[in-house]
Amino acid sequence: MPLRYLTAGESHGPALCAIAEGFPAGLAVDFDAVNRDLRRRQKGYGRGGRMKIETDEAQFLSGIRGAVTTGSPIALLVWNKDHENWKELVSPYARGGRKFTQVRPGHADLAGVQKYGLDDARDVLERASARGTATVVALGALARQLLARFGVTVSSRVVAIGEELRRSGVPPTAAQRAAIEASDVHTDDEAAAALWRGIIDREKARGSAIGGAFEVYAEGLPAGLGSYVHPDRRLDGRLAGALCAIQAIRAAEIGEGTRVDLPGDRFQDPIRYGAEQGFYRETNRAGGLEGGVTNGAPVVVRGFMKPIPTMMTPLPSVDIATREPVSAKYERSDVCAVPAAAVVGEAVVAWVLADALLEKFGGDTVGDVAAALEAYAARLR
Amino acid sequence: MPLRYLTAGESHGPALCAIAEGFPAGLAVDFDAVNRDLRRRQKGYGRGGRMKIETDEAQFLSGIRGAVTTGSPIALLVWNKDHENWKELVSPYARGGRKFTQVRPGHADLAGVQKYGLDDARDVLERASARGTATVVALGALARQLLARFGVTVSSRVVAIGEELRRSGVPPTAAQRAAIEASDVHTDDEAAAALWRGIIDREKARGSAIGGAFEVYAEGLPAGLGSYVHPDRRLDGRLAGALCAIQAIRAAEIGEGTRVDLPGDRFQDPIRYGAEQGFYRETNRAGGLEGGVTNGAPVVVRGFMKPIPTMMTPLPSVDIATREPVSAKYERSDVCAVPAAAVVGEAVVAWVLADALLEKFGGDTVGDVAAALEAYAARLR
Amino acid sequence: MPLRYLTAGESHGPALCAIAEGFPAGLAVDFDAVNRDLRRRQKGYGRGGRMKIETDEAQFLSGIRGAVTTGSPIALLVWNKDHENWKELVSPYARGGRKFTQVRPGHADLAGVQKYGLDDARDVLERASARGTATVVALGALARQLLARFGVTVSSRVVAIGEELRRSGVPPTAAQRAAIEASDVHTDDEAAAALWRGIIDREKARGSAIGGAFEVYAEGLPAGLGSYVHPDRRLDGRLAGALCAIQAIRAAEIGEGTRVDLPGDRFQDPIRYGAEQGFYRETNRAGGLEGGVTNGAPVVVRGFMKPIPTMMTPLPSVDIATREPVSAKYERSDVCAVPAAAVVGEAVVAWVLADALLEKFGGDTVGDVAAALEAYAARLR
Amino acid sequence: MPLRYLTAGESHGPALCAIAEGFPAGLAVDFDAVNRDLRRRQKGYGRGGRMKIETDEAQFLSGIRGAVTTGSPIALLVWNKDHENWKELVSPYARGGRKFTQVRPGHADLAGVQKYGLDDARDVLERASARGTATVVALGALARQLLARFGVTVSSRVVAIGEELRRSGVPPTAAQRAAIEASDVHTDDEAAAALWRGIIDREKARGSAIGGAFEVYAEGLPAGLGSYVHPDRRLDGRLAGALCAIQAIRAAEIGEGTRVDLPGDRFQDPIRYGAEQGFYRETNRAGGLEGGVTNGAPVVVRGFMKPIPTMMTPLPSVDIATREPVSAKYERSDVCAVPAAAVVGEAVVAWVLADALLEKFGGDTVGDVAAALEAYAARLR
């Protein structure tokens, strides 16, 4: 897998950090677009206060010169503007304040302190926090720009908040994308939006939280990314794995994957050929992937997000210091973060696909990749 | 990740082959149990003829001496008993017969020939075939034996065939396991079984095929496997990725992951503590994983299988040689393979968990692993 | 790294096994050439009896159809013809005979039984044995055929046996290669050959063993394989690592790497340009690698082999069962295996370079790789 | 391999950056010791001006709280104090100044611009520069602190500058270490030091540069790290690979690896046993590694460094813009950096060994690792 990365950073530490290795040289980087994606991750109906205070921005350190990639590793920082207030509590150089011992159900808190032999769940929650997805989104923004260079676009829409799935399976048109971006629940379906806002309001009033689902789409991919030859090279597994590794995402679906009621003659997508289009399908229940390989149709995957486990009304729990029952402490107040999760979903999908593209076409420069891709497209015709 | 493997082999080639590297020394291997899992993979209501002809057996070549692992890589073969009849067609040394050019919708056939520049889809389907899961099951059987040495058991049940999901979320009791193993649709729910057999019969009569869903359970795991510290170390992502990399598995769910209708106060599992049990939960909607880390409750994951795309009634397709429309050729006749998929699901879950266990406890011998695990368990008390 | 492999197998077990994943489709495989390399590994003045008994041959199981690669994983076996006599002693299914407890200095015997908690060093020596290089040579033979398709040739010569290094640094001509292949000490320098045979005879008479050094060459590589952008992508490190991972190889040198007496003005290779040749050098002290990247000159690396530690005259050691001093048991009688080591050296160098080539040029078919390579060559002109 | 890292950063960019993933929780970090190693890397007789201007310091961002590791990824920055003067030339946001087109022999310059399709070798040299070893040293300082927690110490000495190797093969005593640290040529051999300074002065006067060799030692390691079971798990290969991936290191030697003149009876180290010491050796020609596994004796490896290729007296080269012959431009003026290379050598050896230790003993906390190590030590007794 030619693209690799590591991320680091705590929610209230000085900064989040990421290094990406494997980007080809010669890619023009749009820094504003990266920051735009960071801001898209911070939006949404039902978000808490912190999102309004901070506006994330990526500071690039390396691997890019004069806004063009050089082939060298790209390091980026997202400074935590709030860190100043937490400096004595959460910093490589200090560890102050009260210990966090009232571990929260649904978070890594308890398993984390057990695993790492800690007596302060703050050491866990600072890293386990979904704040870490800011680096993932920044990396995904780079991957998306790489894909865009080759005609691939990645988008998303929310398809459920607190109620039954409203499957679409079809990438949004330009107009729909504009509507989705304008929507505070990341949808172009106004009826759904109204309903979902109502559900969010209801759960906010109850002091609870609510999850949902989103679809991510990738259009313009050539057939033949990923492979059936070994389990770990299959794109369906790689995409599902990447989605379920996002905080609070608990299920992933490729195309119409959970529609187990459909028999084979209504599930598979018949193959057609036309002189102009080449091979194509009229349906896309496969979500663009057959045998773990792209088939030229849009990739369509779905992520399911559980409710954020920190709520105004706390859940029964235990204090790890005293082992006495407690009500798990309230740390933060998002009622719903599904629109943000869709943006993170775009990021991980973009990353996996950019990786698969480079795996197939090699190339240390975007020009070399483009030439290989064109030669391949000509071979398929 | 301490455990790694590669598999190889074509469906009608001389043999399937797998190498596993990273097993600790000192594990007593039950060869019969491996073969038993191979046979479990071949069973099920609605399987076609081939399953009855062949009874798979694993031949071990290395890494084991006198039925005990030595720490060296384990190689195993599953000979294809049918190969004799295919020798001139599919062999490293020969390539005979008619080319397979009528690519089948739902399979890797078309994307495969495009990707690898082939003019005979047989080169694709021989490898993409679910026959390859025989090696995965054999490897999983080894992983399962390793886990069993540390008190971890892995089991499964089918929860849907051709209709709505019948969630259980709870590992079967011993009696239920016996019923499941005795059932030709891998369930202990007789009413469901009758219904599903009816659905299978219906689709068989229609010349179609049908999918479904299964749950895999792992009991006895310590809290603290996997990690929240980096996306690729999260067990939820690793499990979902492994499941969706199985042929025909198109969605994966951790615990109650798709229940997006449940608000937070009804989704998260409250934490309890008792002098005897230590920390525990009364519910397990998290499927044993919080923050990508085991929490001590049973791991519960769900895989969704699409209908097998080769059917008696073929689908519209195209001949890659002539580019003319055709009806995609019939190669094989399973109507439903969900019970077999559950066995493969057990295998990949066992593998991922064995890997996570060794990652945490190191140890080049089962004795060293056991000692580390006991010391950890004592630390958690 | 697009190419990966696992090997397995014990020296006297039923078979050695290897799986290679990542070879592009469309490569015509010359099976005889693979077996020729296996036999080259078995030759040499000063080899013991076993080499004469067995003639290794690779049986291919998969990934190749009708002698052409399909893109699927390639599995191969090298059956141990001698296994019949060891069946009760060394087999997954049996563990007989006397335990091997007199651990041999210079082998993995003692550290191995300690690490893996064993009481029989046979479990160690069967895997640690240089017999395992048979699979490495078979894999290397495939890599060499891939490289050859793109005009790259890999060769070697021995440059020392038991005495001072006779550096060449220059790949052999066709005539020299023929002489080297005909020589039982793998050199085209007859004077050296006579001297080395004398040294081998002397050490044989003394009941000892002797090591030496060899050079491996790769000609025809484009500039730009490997990379300086991250330590683990540098080809110098990858080549040195691969060489020192061969049994008994204890040092590796790139170009004139140990010539620490040469000042910079006599070490670096001035760069020239000619309309016909493009960029070139008149010297090659860099061994074809600058900054961890190929520079278009032949890659030249050197491996240094210690004497085989099993000798007619045993060394002082300890019995691990009794902890009493013993003379370490004699297992096998090669006096010198440097010519064989050169063949293994070729194999690992070929593998690393094939991997680097695919990393740069991607491509799932040899045709795609060739097209990308040609486009790149045109870009460099 | 449980420990992994990525580094990024250009020589004159804003900062160097590294992320390390896999450090256990509970390790007390001595920040001063990290900075001390950074300064050790900057010292040495024969260094140029820049080393005197800048004093590197690591700023830690994450993975550590109050000077104790938490198990989360550790990010660190080394700000380039000189960047202010290069801001318009080398920055993600700007690309100014004259292009660097007179590529320097011995550097990655030419192969780099070819590979990455660049027209300005500055994009190459900024990353290929040995300045990047600052991050490697910082990471190595962390690994060293982890090893120290388990009684393992890593040290080094220079054994050649511009003349024949003065092998030692024996770790320095405390007194010798003090002398080595005090020495500007990193040796406790005063006669050698005087000679080497003379050689450096001579080459400085000639406008040239000079290389040398160093030994790195690790004491206190248990037997059984690394493994013979697969080539890529052998510690000899991993150490040699890591050494040769350091800029300008062109050869690596394990123990007495290049002494191909020694017959087996004088090369292998006889095994002894004593009630108190357990198994031991009186000699250590194996450099602490047999079969790719530590044997309990000190690990001793040697790195050979070529002369730094940038010299006052430039070498013949070519301008890549005009393709006309030129004298390669002078960028920097170190005459000899072998003492610094020894410090980098310590860092990479510490990293590889810390990785091997965690691979064997698992453990998410230093306490767990310590317990596993003690249990193992008891098992070996």
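Letters A, B, C and D name the chains as they come in the text, with residue numbers starting at 1 for each one.
The working rule: contacts are C-beta pairs under 8 Å (C-beta built on N, C-alpha and C of every residue); 3 or more make two chains touch, one makes a residue touch a chain.
In UniProt terms, the chains line up like this: A, B, C, D = Chorismate synthase.
Owing to the predicted nature of the structure, the values given are computational and were not obtained by experimental measurement.
With chains reduced to the mean position of their C-alpha atoms, the one farthest from chain A is C.
Same interface as A-C, judged by over half of the contact pairs sharing residue numbers, among the pairs B-C, B-D or C-D: B-D. Compared on C-beta pairs in contact, A-D and A-B come out with A-B as the pair having more.
As a whole-number value, the distance joining the C-alpha centres of chain A and chain D reads 37 Å. Taking each chain's centre as the mean of its C-alpha atoms, chain B lies 44 Å from chain D.
Chain A and chain B have Cα centroids lying 26 Å from one another. Shown for chain A are the residues in touch with two or more other chains, namely 6-7, 21, 71-73, 115, 117, 124, 127, 224, 227, 229-230, 360, 364, 367-368, 379. Against chain C, in their complex, chain D makes its touches with residues 6-7, 103, 105-112, 114-115, 117, 124, 127-128, 136, 160-165, 203, 206-213, 223-224, 227-232, 234, 236-247, 249-258, 260-265, 267-273, 279, 281, 286-287, 290-296, 302, 304-309, 311, 313, 315-318, 323, 325, 328, 348, 360, 379-380. Against chain A, the residues of chain C that register as touching in their complex are 2, 21, 71-73, 224, 227, 229-230, 358-364, 367-368, 371-372, 375-376, 379. For chain C in complex with chain B, the residues that touch the partner chain are 4-10, 13-19, 21, 24-26, 29, 31, 60-68, 70-75, 77, 90-96, 115-118, 122-124, 126-127, 364-365, 367-368.
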